[in-house]
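Structures given as structure tokens follow.
Both complexes shown next keep chain A, but they swap its partner, so chain B is in the first and chain C is in the second.
Let's turn to the complex of A and B:
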């Protein structure tokens, strides 16, 4: 128990502690927030500058409200006007005119609305045709500086007010709008769903297998007296020291011999045996008072009853720890699948592989890459949240003095 | 219910070292409450665990009922055991803990329920049936462990220091409850303890062990009044018996014992109880005086030659009596090269220290004795015990 100190100095220290902790927490959590935010943005929003954390989409009105047919039309505004404009047609031919006598004044109109007078004028040493165009209801003389394509904007409140402007110079009217279809798109169109299924399958098999083999092995090493037990245990534990990179080539050869290349079995079978897990379970079982087992023996319980009805329920915290580590390892494993699974076989891909492929192939669709990342990182976070209460709880000794 | 018979049973751990139990011959009768007592390492727990089948018998025959059980696994012996730390299954409720053996035996659910509840009501656990062990107090856990044993209705109960984790008050209460339960069920009980008070109060008979050897098996009173050797004499009784290396001499027709300048005459009745005593005249003997064999001068009608004056190192007023601690300049009594000490429990090192021997006398509580006083005490030598210093055997 901690002793609570009082007084202004202690309060200040505590406040500073919290500020520091909150700051660090914010720094740690920020990438996750960015990932989640980006995963729900649409293709335009991801390139908006300055970037925002809240996904936004263009505001629209129905096409009929401006007297045309088709999809809902987006809303825009212009710096020189308070009115809201509807982009009715975003691909019209536009001519840019500059008024004679006031060359800074740019007049953009539909290309058909400029009427050639036949006169010419010299601008920067070149002969240009003179046109008559309408500016604020008055016909003025101008020359055509360029032809381009842009949008036809109609004032939402005044259908007679029509402007021809470049779309990228207009300011879109935006609102909160997450694009959740990113997820379905990445899962279905980008085939991440199959990879997700594979990963879940591989992870469940690896975690289940690890728990089973670790319980059996750990119990044997902890409680069954057989010849050479301690030396075998030392050798087994020593295998933890062998780095995985050393094993890649022999393991690959082995998989080749067994015929499991490009097969999920190669991602599962070699990993259901874990020296670390066996060690973890052994240490736990060694710590369970012998008397509990002896009491069960006197109750005429068999070895397997003792193991599954008494030791395993007691070992739940250790099993949860083991399961969490096994889960994270299997879920995040990248290099071995990369070696074993053919890059041309999307049906055998696991999530980590699919994500790296997605990052390469859809590098312009950052939102989709992030959606894939969010899909990949949600299950581990959930598993951790679920399992963490077991990390702190240890019920093994509570039935004793 | 069954008798338990040790027939020259020995136990050696890992096939080397001294025998933990050395050729134990002991018959525990059907329905008897037998207490195994001794200092730690005396082999009492090992003997118990051999009955349970948790330790293998190295040599000899161990039988329960009329069947030799040396090679029978623990579950097939029809015995139940209560452990010192209770060994409850922490993840199971009280109900499941008590009913576990019946469940393993695949008894019908209704039977498990009724037998569990019967055992629980016998122990006053009914309202705790659905709690986990961690939500129980020490005494309640102890009861659950008892319930787990009772529900089996076994041939033999084994208890391995079941009360040593309880506080003193609860220990006294559980002591009488265990006695009561054993009486009601009539089941053979083997009870291991290092606490000689438990041994004295609980057992029909008490087996005292030391270094793997059985010292004496007898009812508690006999153990106290006719110890089979100097170890039993020192171990049983609290405060422990005072053991003094005295020189035995003849003075006229009387025998006198002298030590550290004190000389006391030995009553003839003691010589009747220890007929070998006259043979040891002129040689040292171990004089055993229990604290209650002393009385304040005047309280007992004893001749002056049975009195001595002692310096009071410490006076403990207990209310009904006063314990007078004193010291005599005398090498403490040794047996097999070891100091003979009282039990390793709560009495502490009451008998010996260095080249001095401590002496404790118990006198009536009405007397006021102060630390530092000189006090004159009468010795009821007719009750004294005498042992051979070479063998530790009584001189009879």
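Let's turn to the complex of A and C:
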């Protein structure tokens, strides 16, 4: 007799299942989330540690509020003070002093502010000049450990409170601030717009071409009797077995002969013929009852009328599947464009290629690379969302069932 | 009846999630160990031996990619116990993300994830958080010979995850519900249901996933190219794959004949896998086991 699991235990198991499911999903989606988040960050934010998922920008105040001229000034805070400071000048010469008797105490002041006393003191076997500097309003003796450059910070509420500190030791005051201009920058300044146009053009041509040739070929193989039909179909289908790696070099030589190196035609023409698509359409057309066609033939309809007016509307699901696969393939292709459009034709580059070179060229601008990546992956995701049910159904039928 | 039904599938889902997770962990561990062992080999040898070692590593790389990418698809069985909108949402996002990922990976991006430079990357940061590493110590995942290939395996597995999940989901929809009902009536526990029904029923799917992913792994090029530039296949020969070798020989060294020979060697392997797959599909079809 079976014992059914009910009550709290079943609920717990169910909850755990969900937790696990969400955890796995989170791991898979995480890089994607990072991509979107980083694409809206500014150049400083991408190097902040710890990294965050929410784009932050420095808070600023207008320069006039602290009595200077120029661009808005960023706000900072220091661990030892509750006050907010304005970075008025981020490139001043700073002298670092260490208090005699308490060498851990670092005093940073403007380089002109230390007064040499003429005495010397021995620190780690070196003779150092003794200075008098001000520390919290009291003059103390110190020696100068180094000269550096840093920032002059002014207390936002108390202009007489001025600190000289290293900028990277100060904590920037940040607020939520997405930098959406990353997208226009990557599309216009980095010229990814041209690559995007090329990719769209190539993808549309490939998908359109594949649909056209597959419908015509599939219909012919399904319904028109001609000599050697089945053996030709077998050979055609057999080409699915030939992996692309074997074709690369012959195809490259062919493109070289035709003169299509560096030419978008080389990205389109070889791929408008697809054995897989033809097979898909043939399988679909074979499944359409012959009676439908015979009725049309009796009404004196021509072959092309039957194909375009009757068969093609029926075949919409198959065409959608074919279009989805063709789209994803053409949009994502990387290897073949790398082979063909590699010798100095930036105008012929497609998106995948342009992004990989953008990554190499301006490798410090992670935010721009991510912005380009987000632009590039939005269309496939949208297409997948819309065509999802065809995609899943056909994945099942493409080989498994 | 429906409530008990869902509770059993809930338990079953839990098992299903753990098993692939464990398999995945073991696979990754093995890759890590093998990577450590192999990474030390090519250093002491001359350039020609290096080249050969690169080929050896290349073939092994192919195997590793398969091992890491496949078990992950198993997680999909979980979908059966989850609500439909959640499943669709998760699936759409994972698959969409995975499909679009080719664009997402470049060296600076990888740096951002912590694969080449310490301290700023997400992976290193998360490891810091967990306490595995000292804060700021960081691991140069792509620049270290022993982890470069592993990093690419992870990216490949991540990219394949979505599609393989769809395949498992589609396969799972074809499993007759009566089998589960019968097993429940017979008092089978969730583990038995998983072990005796789900796994055998998804045998064809598993086979298909293994073969197609293997074929893809054998032809792996873009991840390696993008992530290993400027030193394609580097560091050293740690991430050299067959197709990368082919590309470099054909279009950098201009030895297209030599590269064609490589292509044909590769073809034999891929063709073998493809024909096995075709034959098994034909057998499945003719035996009537699957429609």
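Methods note: the second predicted complex is superposed on the first by the 364 of 401 C-alpha atoms of A that agree within 3 Å, B and C clash if a C-alpha of one lies under 4 Å from a C-alpha of the other, contacts with A are read in each partner's own complex, and residues count from 1 in each chain.
By definition in this document, contacts are C-beta pairs under 8 Å (C-beta built on N, C-alpha and C of every residue); 3 or more make two chains touch, one makes a residue touch a chain.
In this text, all values refer to a predicted model and were calculated from it rather than measured experimentally.
Visitor: Touching A:224 in the superposition: chain B (first), chain C (second), both, neither?
Guide: neither
Visitor: After the superposition on A, what does A:31 contact: first (chain B), second (chain C), both or neither?
Guide: The answer is second: A:31 touches chain C but not chain B.
Visitor: Scan A:355 for contacts with chain B and chain C and give back first, second, both or neither.
Guide: In the superposition, A:355 contacts chain C only.
Visitor: Figure out whether A:297 sits in contact with chain B (first) or chain C (second), or with both, or with neither.
Guide: Touch partner of A:297: chain B, not chain C.
Visitor: With both structures placed on chain A, which of the two partners, chain B or chain C, ends up touching more residues of chain A?
Guide: Of chain B and chain C, more residues of chain A lie in contact with C.
Visitor: Does chain B (first) or chain C (second) touch A:234, or do both, or does neither?
Guide: neither
Visitor: Based on the superposed arrangement, let me know which partner A:138 touches: chain B (first), chain C (second), both, or neither?
Guide: A:138: touches no partner chain.
Visitor: Between chain B (first) and chain C (second), which, if any, makes contact with A:18: first, second, both or neither?
Guide: Only chain C; A:18 stays clear of chain B.
Visitor: Give me the intersection of chain A's contacts with chain B and its contacts with chain C, in residue numbers.
Guide: 395-396, 399-401
Visitor: Within the complex, which stretch of chain A touches chain C?
Guide: Residues 1-6, 10, 13-14, 16-18, 20-21, 24-25, 28-32, 34-35, 38, 46-47, 49-51, 241-246, 248-250, 252-253, 328, 332, 334-335, 338-339, 342, 351-352, 355-356, 358-360, 363-366, 369-370, 372-373, 376-378, 380-381, 384-385, 388, 391-393, 395-396, 399-401 of chain A touch chain C in their complex.
Visitor: Quick one: which bits of chain B touch chain A in the complex? Just the residue numbers, please.
Guide: Within the complex, chain B touches chain A at residues 52-54, 73-76, 79-81, 83-91, 100-101, 104-105, 132-134, 138, 141, 148, 152, 165.
Visitor: So in the complex, which bits of chain C are touching chain A?
Guide: 3-4, 6-8, 10-11, 13-14, 17-18, 21, 75, 78, 81-82, 86, 88, 90-104, 106-109, 111-113, 119-122, 125, 136, 158, 161-163, 166-167, 169-171, 173-174, 184-187, 204-205, 208, 212, 215, 219, 221-222, 225-226, 229-230, 242-243, 246-247, 250-251, 256, 259-260, 263-264, 266-267, 270-271, 274-275, 277-278, 281, 290-291
Visitor: Mind pulling up the chain A residues that touch chain B in the complex?
Guide: Against chain B, the touching part of chain A is residues 289, 291-292, 294-301, 305, 310, 313-314, 395-401.
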